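One chain, subunit A, links the two complexes that follow: it is found with subunit B in the first and with subunit C in the second.
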Partner chain A sequence: MPDTSPQPRILLTKSFIDSHDRAIATIALALRDAAMEVVLIDYEQPEDVVNVALQEDVDVIGVSFMSGGQVETTQKIFAELQRREVAGLPVVVGGTIRPFDVPPLEAAGVKAIFRGGAPMADVVESFRSLSRAYRGLA
Partner chain B sequence: MIAVRETDLAGLLDRVRSGDSLAIARAITAIENATPLGADLRLAVRGASGLCQTLGVTGPPGAGKSSLVSALISILLEQYPRIGVLTVDPSSPVSGGAVLGDRVRMAAHSRDPNVFIRSLAARGHLGGVTRTTRGVIDILAAAGFDLVIVETVGTGQSEVAVAGITDVKLVVCPPGLGDDMQAIKAGVLEIADLLVVNKADLPDAGRTAGYLKAMLYHRGHDETRAVLLASATTGDGLKELAEAVDARFAALGAANPGEAHLIVTRDVLADDAADLIRAFIRHADIDRLCGTVGRGELTHREGAIAAVNLFVDSQGSKE
Partner chain C sequence: MATKSIEADTGPYAKWQRVVADRYTDRSFVARNRSGVEVDPVYSGLDRDGGEAEMPGQYPYTRGIYPIHYQYQPWMDLQIIGFGLPSQTRERMDLLLQEGGSKGYFGREAYNFIFDMPTSMGYDPDYPGVRGSIGDCGISVCKARDYEVLLDGKDLEKTTVSMVLNAGSPGMLGLYLAAAKRRGFAFDKLGGNVTNYIWDFFGHSGGTNFSPKGSYRLIADIAAYCAKHVPLWNTLTISEHNICEAGATNVQAVAYSIAAIIAVNEECVKLGIALDDVVPRFGFHVRYGENFFEEIAKTRALRRVYAKVNRERFGCKKSSALQARIHAQTAGSLLTVQQPLNNLVRNAYGALSAILSGVNGMTINAYDEALGLPTEEAVTLSLRTSQIIAEETGAVHVSDPMGGSYYVEALTDDIERKVFEIIADIDDRGGLVACIESGWIKQQVSAAAYNWRQEVESGARTMVGVNKYVTDEPEQFKVFQPDPEAARLAIEDLERHRRERDDVRCTAALAALRHAAERVRDGHDIGSVMASLVEAADADATLGEMQAVLHDVFGRNK
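Let's turn to the complex of A and B:
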């Protein structure tokens, strides 16, 4: 059966030293149930995220934070996106995002921020619309 | 910055051949999605897999295939400077979505420029690999990878399609898999060149290896396959496994593929041929033919044969 419209491909990731994977598993299942293909990795360095995103040709990167490094890691991911010439690849973040993290995250270019309690329908729709926009499907 | 979606075949192919990660990834996506560009790409790189060695890794879910592949990559990089890995996970039969988690076990290679890993969703294709895996191997071969490893979905007894698209087949068995009766059943065990009992640090590994060895013993003196014990966790047996894989590639050389290989390859070729024609039908002008069938001037079978002939003609004009 040929595809008539491409399935969104999403990369969900967290640091390998962070064992809090409940959020990422919950989102991965919700996206799977919304017909998306979800690649999972635990990154050692923020730059790894971009290398994997390129190989997997994903449309959206979602980074989950439960401990620290929200701003620094995200900035490094954006710098690497720039260096690898895929600056347009959308990044969303979620998890423990403190109020003072928000301005620098938005300045870095994150497209959406999801904290605990965010309605799952909104999360799914955000990934879907970012994917479609990145693929030029409007 | 390059365009988000490629449409230019020659330009994309040049970048694939130069080893550009994003270009390779985009080419794979096009092939997977069977876009018109993807169909052209498949034709352009068809048969390139003959340029590289291919290793199939299969076995039941949770046998430790991904961990074993990750450990093997580290060793095999000494002989094969650039390694491509395709790792297949199932798609949801309900939504069509997928969770592709194999490369979680391959984190050691997340930033290695000489290792390209791509997760593929089976998208409803049975047999343990995807409908387009052969075309994706061709892309990696065209991009200059020396070795391509294909890790299947967790398989049951009868998913053997990987045998038709890879040169050397590794079947990974977890300890406690079953008994001597399971070991002599037809299916996935038959396609193995090497049988590996992984998690050899666990109890029962020796017993499982014994059942598999007995199965090979029953087959007589011309049996050349081997049973090995390995542990991706402790590292025991990995060096021997890598050497055995290498020896298999060396032995392949000029040898004729065995009959079992031919039979499975025939099925895979039939699938590939169907895919090529399907892609052609999607983007070629065969509406006129459909009209003829619709008006009853041709039977469906005659229409199908005419469609195949149109496809053959189109290939002639390309060369």
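Let's turn to the complex of A and C:
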């Protein structure tokens, strides 16, 4: 039987003060080719991410980092998710994630971390399964 | 050296000989190889059409911009440097200097500063939402006084300062010049560059910038100001590197770089600026990555196309307006997290291709940059890579050593032809700024990036250690961690600065900046924004305060 469940809706985002957006643009195209609906924004404040996530009714948030702010931004996104009462919305982080960033990111509740060289198939599958789990389809 | 068909007196080789005899008098540039064979500084022959080949230092500069290059003046090693507070970066500068790095031309010291992302975009450390990035991947600088720490005791007339940043570029140049002014240095003796990446909406992109039209207006303003007041300052770096790093092919990246030059030149012409006054201070930043011979050919093609465009399309006459100065950097996007020591080898090959193509400056990335900011050990190894190429390999003995290679010459011609095709396409689409505004150019780059990624995914493109020769063992490498206290210290310092400054003077200077910006936006008094930025910085205005004014007047990209 064909899968008639709705396509995953993904928010991909990067900071307004970050640069080099090759990775996030590439992932947006890969998710699109995997028939997901993708919203791609540059956020000004971490609160904006949650705002757009709610407006667009997405089921996974992916945040990419190149040049700093990895931990602080992610923690703020989780705090805002809690405040807006959508604490269960999964967050995935990618990019230049250094060893010392990992423990606080995991403590914050990040579901997956992807660094440079991660196979795209794994990235796509991770978004798909997190989306299905969030919608209770898993 | 000469082949029999070379014309004795009037051909390129004879001209080159006369120039060399003139310029370098009786100095010999003949080297000797391991077997005792004398090696000439450059070799000549026939070109692909059977005519006598162009020589280095001759229009259109395919073979290099100098008649004698590294044999006379080695490339400038400009490793990227910057993290934490100015005082912390200063410690790393002193280390590099002690290790034989930081060498500028003719005995000068040279530093290539990178700023943290808030600074790079023109935001102060206390701007909402930036705290986690302060000092994290570059230096935090927001006031003229910060340069007094960073460059304490340095003779700025003998120090070349390169500043790598995005939308914060105009204000940053203001801070540096104000600091130099306070220390009594004459502006016409100051050398250095600001990358001024505000031209770039499709390479080093993401993040905030001015509106595309506002950006190109500001570039013209800075160029006009510096031509008059800071004549040795390089006001614009067109980064072919960043366009490649965003995923563009070499041909696209060269074409888009030239398209950016065309857009800047057209803006200058529109404002009545004489191109021969400003173009000599534009330069390039080029990436050296995975296609060894293509990297060499693209460099040669870039120099040729640049010379032709500036002479034939814009009527530039000064030779310095036709010569593409190139700062090379090895490819950051090829650095892998997996088996990071492999990156040492990748960087060395990238650097060698840059040297064989005759670049003027060099940044060799550190092997551990995919993991985080480089450690001291990794930075030192990058410098050693450059030193080994320069002083052990003999690669520096002959200019344009690939010249005349059937392969490289054919590739060079091919890239040139394709670049001109893309430029014609961009012209048809209304020029680069229109292509930025429509999103077309960004789409082109992203599509190329995705294509590249798919080649890696499918295995069609090998990345050693990533999709082939993969090892399972987790590898433990030391990763540099910037000072987590930097943010608190930077914010405290900024608060103290705001308390102690003369507020009346600062407010007036910011008002004058707004007035100048409005005039320049409307096409008058070009150069007065940069002049007002220097005045405002000298009146202790911060980078973020100046940026707020510029954003108001010149608009934002988003």
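Convention: the second predicted complex is superposed on the first by the 135 of 138 C-alpha atoms of A that agree within 3 Å, B and C clash if a C-alpha of one lies under 4 Å from a C-alpha of the other, contacts with A are read in each partner's own complex, and residues count from 1 in each chain.
Quick note on the criterion: a contact is a pair of C-beta atoms (placed from the backbone, for glycine too) under 8 Å apart; a residue touches a chain by one contact, two chains touch by 3 or more.
Please read all numbers here as calculations on a predicted model, not as lab measurements.
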Query = So, A:Arg22: does it touch subunit B (first), subunit C (second), both, or neither?
reply = second
Problem set entry | Touched partner set for A:Thr73, first subunit B, second subunit C, both or neither | second
In the overlaid three-chain picture, which partner chain does A:Thr96 touch, first (subunit B) or second (subunit C), both, or neither?
second
Check: When the two structures are overlaid on chain A, which partner does A:Leu54 contact: first (subunit B), second (subunit C), both, or neither?
Finding: first
- Message: Tell me the contact category for A:Arg115 with respect to subunit B and subunit C: first, second, both or neither.
- Response: second
**OP:** Pick one for A:Ala107: touches subunit B only (first), subunit C only (second), both, or neither.
**Re:** neither
Partner chain in contact with A:Ala34 - subunit B first, subunit C second, else both or neither
first
Both partners, subunit B and subunit C, contact subunit A at residues 16, 29, 42, 44-45
Within their complex, subunit A touches subunit C through residues 14-22, 24-26, 29-30, 42, 44-46, 66-73, 96, 98-100, 115-117, 119-121
Touching subunit A in the complex, subunit B uses residues 1-2, 4-5, 21-22, 24-26, 28-29, 33-34, 91-92, 94-101, 103-104, 107, 110-111, 116-119, 121, 123-124, 278-279, 282
In the complex, the residues of subunit A that touch subunit B are 1-3, 6-7, 9, 16, 28-29, 31-45, 47-48, 51-52, 54-57, 84-88, 134-136
Listed in rising order, subunit C residues that touch subunit A in their complex are 116-118, 120-121, 123, 128-134, 136-138, 166, 204-208, 242, 245-247, 333, 335-338, 370-372, 446-447, 449-450, 453-454, 457, 463, 466, 479, 481, 558
